[in-house]
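Labels A, B and C are assigned to the chains in the order they are written; within every chain, residues are numbered from 1.
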């Protein structure tokens, strides 16, 4: 048995697991479904994946800070509505900018109330979720909102290199930028320190409130971008909470190794988790499975990954003890 | 500030420093100097003022009067290594070091530049074999302690203040830390070393200062001292041996007993045997790491036992969980008042009844009258103002909160009362009231076992004392038959003086 | 003698003043708003309006009361409520032909078991409650899908009793809500188990030191929550005699809002089931009043959101200032 160090296991076991499961899913679908391996389907897969990956990465950033963001269920559909509503009258650029501004405001409120007022994020984001869902209804006046400029929809979703689109490029680009940024920036280090123990971080002089605001703003803006693009691509938006999507993003982050307790997890793993969920949605959907069953499969994968956590921790512990013993005798 | 009056070699000094907290004088006219290339040990009991003093000289808190001088003070070249580790276990060694060297210049971490500094700091701290990418969670406690030192070196601190760095380490690990310190000192650093371990002091320190009640009691080169001098300086020449206590019951036939036989817990203590009887208070005395604190936790089911038995009145106890030991009649007062000693957000009444709910209820329904009278009764027993039992616990002082914790345990009418550092951080007045209430139990056939690392507490509370060192029992004495210095020597050296 | 009596009449159990203030403030606000509405708002004090208000408040309230036990014991929330409601409506509609009472019993039995399983996972196996309930929701929805194939189950039976008015004015659902809220309140305040629930939520470690075990109460909290969710779902289904995956979608977050607004602290140990009930009433009342004033549905939602935000902020600030005082 290869002697993988405790260090390697600690950093990489969970992300590796997520990507491996994604690979298995990919191979499975490629082998069993004739319609899977073609440009058209890969395009569809990437459309789904890029959206989920972006939002999952945003949520993961908040989770690493040991918080949670329920308002994603409201911000996502609201973003679509705001964008679609404004495109006809104000043009795409203004519409998208207004949507992003909305995301910044919501994120700031979430982060500030959690950090400065020390209110549990679950309570705060329940409130902002209800608020954003309500504003969504205001925008639509309970109607379907549509835009007439279909050219924009087509531009955004036009296949590039066959499988990509402006939409997926933007989303994947942002997600990757976040993954990289977290690794090389001070803010990224602060995030993990705050998530590990905010009091200890505060005592060490780390700006906890600013870090939390950063996390929630990034999450809300990423969700707003995803929602906005979704609205543009479908040329329509609908009011009402998107809880299923929120749960998918959370599942992707959890599968990728980000813990609810905070301070741990790799965004790269989250990308793998999102890929797994997207593959399941795409592959099973292709086979005609209903979305509720797909959700069931997602739930089972989540349980599996959470159960596998314990043996992985034990394995790390054993490798640690072995390494300590080697070190002592050295 | 003119520093020409300082002799060369002094990196940092405090002159006539005074500090008060809320009317209580914590530091009185303290004069102390720290030289380059020296380990300067700072000794004293809890509350002597050591922590406050180092915080003042580190510049973390300001002095009320007097001044802090020296080149290290000017340049801010001082690093403090706290007792609670400040490293983030889930992050890598490199990241933890990087966080210590933080300079807010730009959004990106200059990893390339800091890597070199980090490797250098690691090797100077004796961690050359540690991989920068290792998560701190995979490092042993000793290495984490050394990592704390490395963090201080990241900013190239000339003066390093170490607060109890070896409190929880094994012998081998302590050697390692000492080796690193000696090298740092050889390199011109000045080390301020706070410790309770007198053995360490004599093997490591060049200079000793002992403090008592906020004043410098004695200072000088290590060679000028002997261990028992140091002890008496810490305790004070006019050290009062403690109030008169109620004499214990002499009736041997009616005594209940808790018999511990060959009790062991892996990595904590081994083969401990003793008998605690009602009518006398038995104390377990030892430093952190001696196993004494783990032993009391094992008696209440909070630590896993790997061998041996405990019997109460002839019946073997399972010690499986806190729930089972409470059911067997063992009550516990925890050392951790803030996290688990009291329910801060509940009333005194609710606190007192929390372990004795069956006593205040009738067929599973809580009877308010009974609960209230139980609370008042227990409050009186611990000298807590009975008219305040409806107030929430957070409204009380630390000492009174500890009384609530004791009342909580007493309310369960236990056969055995186990206390863990019962008056840590409690003021003198509350202390004696708590001791009085505990001694009062001796008339009620209750077996009392207490762990303490405070010699004064042992004197005032216990009739018998068992000393422990590194997991083994050293000796079993009657408190009246032995003097302080011998007891302290036993827990520091593992042998009778 | 009389002073002792008077003293005993005062509650010995004082939860943190903020929670008492939170719940009593919301309670007072509810009464005030109701009175003002009765006098000033046109159309409020009609039997049709009041009946509609009662119905909408009752179902959310029943769920919120059960959910509050999970929050009080310190396990935050259950995110599996919408899925549990949906699946239960399906079971109810499917078995309705056996008689409304039988269908009710079966439905509640199922939802209770669902809650109990989650309780065991969270309490005994110490699984994270958020993850566990997310996963449970996914599984329940999947089961519902397999069962119904996405379609609506139309039940055949007589549910008139469930939809009737007792004593000619009290809707049955509201009577159930009142009974459940009162029972939960009494249980929480006066029984040993209720006290244990609060102590564990306040400080699990201190509760352990006192010799209390957490897992039985956690299991109980989830089980009771499952039961109340089932009752609400059965009553919901009885309104239309249908069962489907789409029913009760908004109940999950409505119940959470009711719990939060009602002064039940998310960290645990603070607040009471009565608070959750009052929270449900207040939110429902406000929505009703806003609708009658002429506010569109969407502005009602926005107002609800602002209200929750303000309530959360106020309680948070109050809690912090008290702690540092």
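Definition applied: a residue touches a chain if its C-beta (ideal position, glycine included) is under 8 Å from a C-beta of that chain, and two chains touch if they have at least 3 such contacts.
As the structure is a computational prediction, the values presented were derived from the model and not from experiment.
Asks: In graph terms, with chains as vertices and touches as edges, which category applies: line, ring, star, complete, or other?
Replies: complete
Asks: When I count C-beta pairs in contact, which pair ends up with more: A-B or B-C?
Replies: If we tally the contacting C-beta pairs, B-C comes out ahead.
Asks: If you average the Cα atoms of subunit A and of subunit C to get two centres, how far apart are those centres in Å?
Replies: Those two chain centres are 30 Å apart.
Asks: Between subunit B and subunit C, what is the gap in Å from one C-alpha centre to the other?
Replies: 46
Asks: Within the complex, which stretch of subunit C touches subunit B?
Replies: 7-8, 10-17, 190-193, 195-196, 198-199, 202-203, 205-213, 269-270, 323
Asks: Under the definition above, what is the set of subunit B residues touching subunit C in their complex?
Replies: Within the complex, subunit B contacts subunit C at residues 321-323, 325-327, 332, 334, 336, 339-347, 349-350, 353-355, 357-358, 361, 364-366, 368-369, 371-372, 375, 389-392, 394, 408, 412.
Asks: Tell me, which parts of subunit A touch subunit B in their complex?
Replies: 6-7, 10-11, 184-189, 192-193, 195-197, 200, 203-206, 263-264, 316, 320, 323-324, 327-328, 330
Asks: Using the touch rule from the top, collect the residues of subunit C that touch subunit A in their complex.
Replies: Within the complex, subunit C touches subunit A at residues 76-77, 79, 82, 127-128, 130-131, 134-139, 141-146, 149-150, 245, 249-250, 252-253, 256-257, 260, 266-267, 296-306, 308-309, 311-313, 315-317, 320.
Asks: Within their complex, state which residues of subunit B touch subunit A.
Replies: Residues 84, 86, 88-91, 95, 98-99, 102, 104, 107-109, 111, 129, 131, 133-135, 137-138, 140, 172.
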